[in-house]
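Have a look at this one before I ask anything.
Order of writing sets the chain letters: A, B, C, D and E. Residues in each chain are counted from 1.
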Amino acid sequence: MAAPFLSVSDLSVRFDTDAGSFAAVDGISFELARGEILALVGESGSGKSLTSLSVMRLLPPAAAMTGTIRIDGTDVTTLSRRAMQDVRGARIGMIFQEPMTSLNPVLSIARQMTEGLRRHRGMGKTDAEMRAIAALVDVGIPDPEGVMRQYPHQLSGGMRQRVMIAAALTLEPGVLIADEPTTALDVTVQAQVLDLLVDLKTRLGSGILLITHDIGVVAETADRVAVMRRGKIVESGSVAEVLENPAHSYTRGLMAAHLTLDRVMEKRGGRPPRLTAPPEEIRS
Amino acid sequence: MNAPVRRRRRRLPLNVLLGLGLATIVVAVAVLAPVIAPFDPMRMAAGPRLAAPSLAHLFGTDEFGRDLFSRVVRGAHLSLGIGLAAVVAGLAVGGLIGLVAAFAGRLVEAVLLRVIDLLYSFPDTLIALALVAFLGPGLVNATIAIAVSLVPFYARVAYSLAVAERAKPYVEAARLAGIGSGRLVRVHVMPNIGQSLIVMATLGFSSAILSAAGLSFLGLGVQPPSPEWGAILASGRNYITKAPWILIFPGLAICMTVLAFNLLGDSLRDLADPRRTAPQRAGA
Amino acid sequence: MITLIARRIATAFMTILAVVVLSGLLVHVVPGDPVTAMMAQSVTASPEVMAEMRSQLGLDLPVWQQVARYAGGVLTGDLGTTIRGNEPVARLLLERLPNTFILAASGLGVALVLGVPLGFIAAINRGRLADTAVMIIAVLGVSIPGFWLGLAMIQIFSLKLGWFPVAGTNARNLVLPALTLGLIYCALVARMTRSALIEILAEDYIRTARARGLREREVLLVHALKPALISIVTVVGLVFAYLMGGQVIIENVFSWNGIGRLAIQAMLQRDYPMIQGFIVVFATSVVVVSMSLDILYGILDPRMRQR
Amino acid sequence: AQPAVAAGLTVARSVDADGLDIHKVSTTQSMQVTNLLFDTLLTMDRSGGIHPGLASGYTLSEDGKTYVFTIRDGLKCHDGSAFDAAAVKFNIDRALDPATVSPNASSWGPIDSVAVEGSTVTVTMKSPYGPFTAFLAGMQSGLMCPSSVAGAEFTPIGTGPFKLVSWTRNDRIELAANPDYVNFSPLIENPGKPHLDTLTIMVVPEAVARMAALRSGEVDMVEPSLEEAADLKDDDAFKVYAADLSGQQVFAAFTWKIAPLDNPNVRKAIGMAMNRDAYATIGFEGLVDVANCPVAPNLFATDEEKCASWGVSYDPEAAKALLAEAGYGPDKPLKVKLLVHKLQGWDQMHQIMQQDLAAIGVEAEIETREVAAFFDYMGTVNGKAEGEPAVWTMGMSGADPDYLYFLWKQPGFTNMGLSDTMDAELEAQRALSGDARAAKVQEIQQYLLENAYAVPLVSPGWGWLMASTAKVDGFKMGHMVTLLFNDVTVTE
Amino acid sequence: MSAPTVLALDGIRRTFSSGGRRVAAVAGVSLSLARGETLGVVGESGSGKSTLGRIAVGLERADAGKITVLGQQISTLTGAARRQQFGHCQMVFQDPYSSLNPRLTVARQVGESLVAQGRFTTDEIGDRVAALFEKVGLKPEQLNRYPHEFSGGQRQRVAIARALAPNPEIVVADEPVSALDVTIQAQILDLLADVQESEGLAYLFISHDIAVVAHLCRRIAVMHRGRVVEFGTTDDIVRDARHPYTQSLLDAVPRLGRRRTGARTPPTVFPSPSEAERMVMVTESHGVLVV
């Protein structure tokens, strides 16, 4: 395995609330190399998004972060605001869950595709546009010149997510963080976007931190997986290991509750088979 | 290195405190007016005519030798009374119209909405002015006029709040329970929009007080000898060079009161804004 | 787009006509009529003379006939003549419309120049002292009664300092009323800018822009300001439509020859054709403003452009 | 022989003229302007004497019904056209034409016919009409040149001292001196063209702004606020002018058909409570005088002394006694409405009046209305014999006591007409002239005062004040608050 | 299918126009639901699933088509009778947060339909609500709490209790588990099955997740652009899909035993709706829309 491009150690994120202070992310560590996909799975609220935002240093002001985050060897937690702005986008890209709201509705696709290049690479408008069009071609968008002239509302959800990915790719960052990139998409479109991510990994050697709550997605795309629960990583390892032989009870529970077509079709009979223990027992 | 923890203090912001403080003072003065005022606000020759502020007459005296301090204090009573009455009446009528428009069927909605929008496009001060011009000046007419001028605003607010609520699944669920529109609005919708409506009402309150003063200033509102602030200003305005205190103190009183309720309304609105209370849940 | 505008004009026209009829009916319901109003000072007019005057002016006809007559006139572009002074309503209104427009536009200009930066500063410093201070100052502007502010301005800038003339409808005299209006509406603009920006700064696309490593300045001035302008334009348009109804108090204090003074005078004199003429003109200007807004939206907001 | 003379004068008033068509306007502010544009057939001196105007003279027939006016030769209109006898007939015909809807139509009297012969105009009345010549000398009867209506739109063209240059409604009226002007008014010294070349009449509705404009020198002359006029009077840098010839007067009246105000003693008691000196000195800042007659001072047949002896005078104790007699006292206070409309000085007067009434145990609630609504409302209130008793105030002005006729003859102004006998008296004074008419008019006034139908308060009462910088010289105010600029010079 | 039909939709159409554009959300859909049966509706986002469900409970009016509830055709009814008939149809919504009224205790919300019926005293309503709580696995002490005191799964239980309160024959469940974590989702799916068994309910179960639908339903209808493009038993659909959309849907579902290669399959282009289409029966129970 290559040297880790991104390494996170002992990361915690705390919030001070009326009810006292609590750690939404509680001392997690992981590493991500180029050319691999690390999936972060876990239930809602387990701290997956906060982890990714910590890496970008885009946490909400109310959050307090501790720990070290190294990107390509640099500890970004000590960087000045301006220096961090140079890291963002250039060395680490991010795409978000909601393709519908993650693009600025009043700016053209061209503008949003090229601003990273112009900012980090100091490119001129035409050069940047050429590069952007190439990136759009890369993510499989037909008629990229046309799309450049359009505005987000004129694109479908799948197209927007591709644009988001393409925009992140223009700068060829070592790592791409994808926070539930397909949750808002239809399965058919999801499949295409996931294919695209796998292709990026193999072809361009990007490291991808894929955040998801879908075991099926993990199984199909990730190389390694880290299972998060209540701010902690409860289990991690290669996908094959973890999914075939879950060690932690939480992971086992996740696996058990996960419905896959194959398993469903196997067990079909009269009444739908129980997915959980009888009601009396879950009442605890 | 650890990022510095910026603690969010749970103290009320300055503008809320200022608003609350000033509003409390004004309301206290209004309620306690008879106790606070050293003189009968109507009594002529309580002191020399047009006397400058002194210990005997804190705010000086007016052209009839009435004690200005007593008049201003007493005016708080009137101004707040007008504001309150106008807002309550305007809110009741406007709110009802807005709710009816939102819940009484498509035809009613279309017609009412047209009317509301139309009236809403007229400046409220102009509506109030037109009404007193027709009804004639006086306390009651001015209050009615201001109340009416607030109706389109409240109707609009109530309507948009109700429409936002109408589309929510809980309202649809209540509909499925088979209850009638009346109960639906009363039991299910009102409690949910009441708070926002009241917040908007506080904003109307300050504009009602300003309108009242404006009407009096044009000679169309409360009439002398009533010590309504606008009326004091109107009848004292020509002493602006000779006895400026007749203008300064009631003017400051208006400013302070309106400022208080504006700040209060603004901060209430800010506090009631769900966006303030951070993301409660992410993902779908 | 064209058909949409045509449809809007058609409905606007119908609405205006409805307003004319409605206001016509209402105006006749209230006590007092133009003839008594006109004769208030002149006792020599006997009841017979006044009755004769009413019949000459058509005021003795049933209300619906008067209203129908007027509405018919409006349809053919005739707004009638005033009862007082027998002047063509349209001309009186058109004389003042530019003045009202100028005052509204410059007042709003002042409000924007002051309010947008203030709101911006408040939003990016949300919850901090700068935010509070800016908002208190802005709210103070809207809390001062306009007439009071106006009188104070006259005392200070005209009488004491002699910088601006007191009265008249001309460029130099525009400064004070525009400033007064600007201070009043600055709060609204600042408030709107602030809340629009706060909302926008919480949007996903702002986070995306930051994730791209853009400088904060660029995030604010490009990604946040442009969508914020759309909300600001809405408020500005609304305020502008408001102001086109005239600012009776400001116009009075500064002797600005605007439409508001004319309107209130007409109301006090029960000059029906004048009142209705005002309503027609005002409703029309609201329609025009809101249509201009739509076009402006089209320029600012690509989502609107397609329609 | 002034050192340096400015050619222009700027005046700021609170309200603009409604129009400049003399046959259609009704407000004083309108006629203050038309009076500068149009001259009158006759003129009046300070004591009410009638003098020639555009007519060099007139004769009245024995039966008092036929007037023959001789119109001067060589009268020139602003546009160069001639003003002649035919023009006079044109004016009368137009004023009386129902299509004109002239608010002053009835003031012309019962005119039967108008005939022109050479330079004479013969006006025949259906019945004698005493006030006719006074009316012809007043500003309501200004005469326009027929060319005024030649165009599609009315253009005011007259023979007056000024001609219209431009008029921006609600903003300013620009006037220029009429170079060919010949003066006939005994109130004016300057025989020809006004000394001023231009005159600008601005509208500045807010009194504070008007005063600021005057003080800052932006304008030369203003309608001042009462409150500041008193100060300006004592200031050498300014001059204050009061229209002593205003013919204005303010009085209180009663809903006398409604009990207990149907009792003259109750009305008297209320009148006695009114401290008119305080109204004049405090309410009106000492700029007006107490009035005693139902007709304004300086008008034909008014005698302040006699009126004072007929009417009530301030005596709260006697007032209480009268009220007690009528059954009202501390246990049973009389409650009335004080129905008023807004005017400067009046508001203050009403507030004092309210206190005055309180002092004798009458609880008066002030109800204010706008002028238009007020008189409309008074018509209803005065028409009723039942309801809440009300005391109310109004003002009256005119050039002749004949306005008593309009006020008190049934049904009367706002239904305040009195009785058949009074109607006969009022008709009678119209048919008389000279001393006989004076006696009749005084008889009527005595009746009104002794029965306390009217309580005269002060005179004058509204818009009668002007103030200027000390640089302005020669300004005068004529009858019914006309503004006379003919003699005005302005030193730089 | 021997059980009697409780809900029949026949030729349902609904077109929305927004911003000048017309969207045929439902373009001629016919379905029938037997007593005690679960019919699954799957399809991509915007295919008209929710609109169809809302029409079935009377929250939305159809532009055309017949709705028959318990043998009674709804369009012939008006006002109160219509509402009463639709009373047999209840709904469970997707978002457990917004589908509960934040200002009312959950017990009141569950009891609301009983209040509306006006047949019960307050005490009777209380008893019934308590029984419903028991049934959906909530504790009696939770009765008088407010929604914000509940987790997402518990809220969905409340929503189910609320739907059950008026003793409906038909429950439309519009993505009732999509917003929940998988473990919670499993509990709710079990609860739905339990309740169906004890109450003899018929479900119209809407979801975009074909695995969930396959788990719960005997029959499935696949919607695409406002039409049912294929229907049949779960076996028919999953093992013998005929319509290209159904096939691509099945292919796209993540599977545990498969790895993505990154190969780009060009997106399938589906035929656009046309008049020429008609439903062809593959078997007695399996139909597919073909051109």
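Following the convention adopted for this analysis, a contact is a pair of C-beta atoms (placed from the backbone, for glycine too) under 8 Å apart; a residue touches a chain by one contact, two chains touch by 3 or more.
Keep in mind it's a predicted model, so treat the numbers as computed, not measured.
Colleague: Would you kindly say which chain has the C-alpha centre located farthest from the C-alpha centre of chain E?
Modeller: Between chain E and every other chain, the largest centroid distance is to D.
Colleague: Let me spell it out: compute each chain's centre from its C-alpha atoms, then which one is farthest from chain A's centre?
Modeller: D
Colleague: Taking each chain's centre as the mean position of its Cα atoms, how many Å separate chain B from chain E?
Modeller: 48
Colleague: Centre to centre, by mean C-alpha position, how many angstrom separate chain D and chain E?
Modeller: 85
Colleague: Just how far, in Å, is the C-alpha centre of chain D from the one of chain C?
Modeller: 39
Colleague: Quick one: which residues in chain A touch 2 or more of the other chains?
Modeller: If we look for residues of chain A contacting two or more partner chains, we find 44, 213.
Colleague: Would you pick out the residues of chain E that each touch at least 2 other chains?
Modeller: Residues 152 of chain E touch two or more partner chains.
Colleague: Which residues belonging to chain B are in contact with no fewer than two other chains?
Modeller: Residues 133-134, 136, 237, 240-241, 281, 284.
Colleague: In the complex formed with chain A, which residues of chain E make contact?
Modeller: Per the stated touch rule, the residues are 44-45, 137, 139, 152, 181-183, 185-187, 189-191, 193-194, 197, 208-212, 214-216, 234-235, 238-239, 248-265, 267-268.
Colleague: In their complex, what parts of chain C are in touch with chain A?
Modeller: It comes out as residues 203-205, 207-216, 218, 222-223, 226-227, 230, 300-303, 306.
Colleague: In the complex formed with chain B, which residues of chain D make contact?
Modeller: 207-208, 211, 225-228, 231, 282, 342, 347-348, 350-352, 354-355, 366-370, 373, 377
Colleague: Inside the complex, what are the residues of chain A that reach chain E?
Modeller: Per the stated touch rule, the residues are 43-44, 140, 157, 186-188, 190-192, 194-203, 213-217, 219-221, 243, 253-254, 256-262, 264-265, 268, 271-276, 279, 282-283.
Colleague: Name, in rising order, each residue of chain E that touches chain B in their complex.
Modeller: 54, 57-59, 83-84, 86-87, 89-91, 93-95, 97-104, 109, 112-113, 115-117, 152, 159, 162-163, 165-166, 178-179
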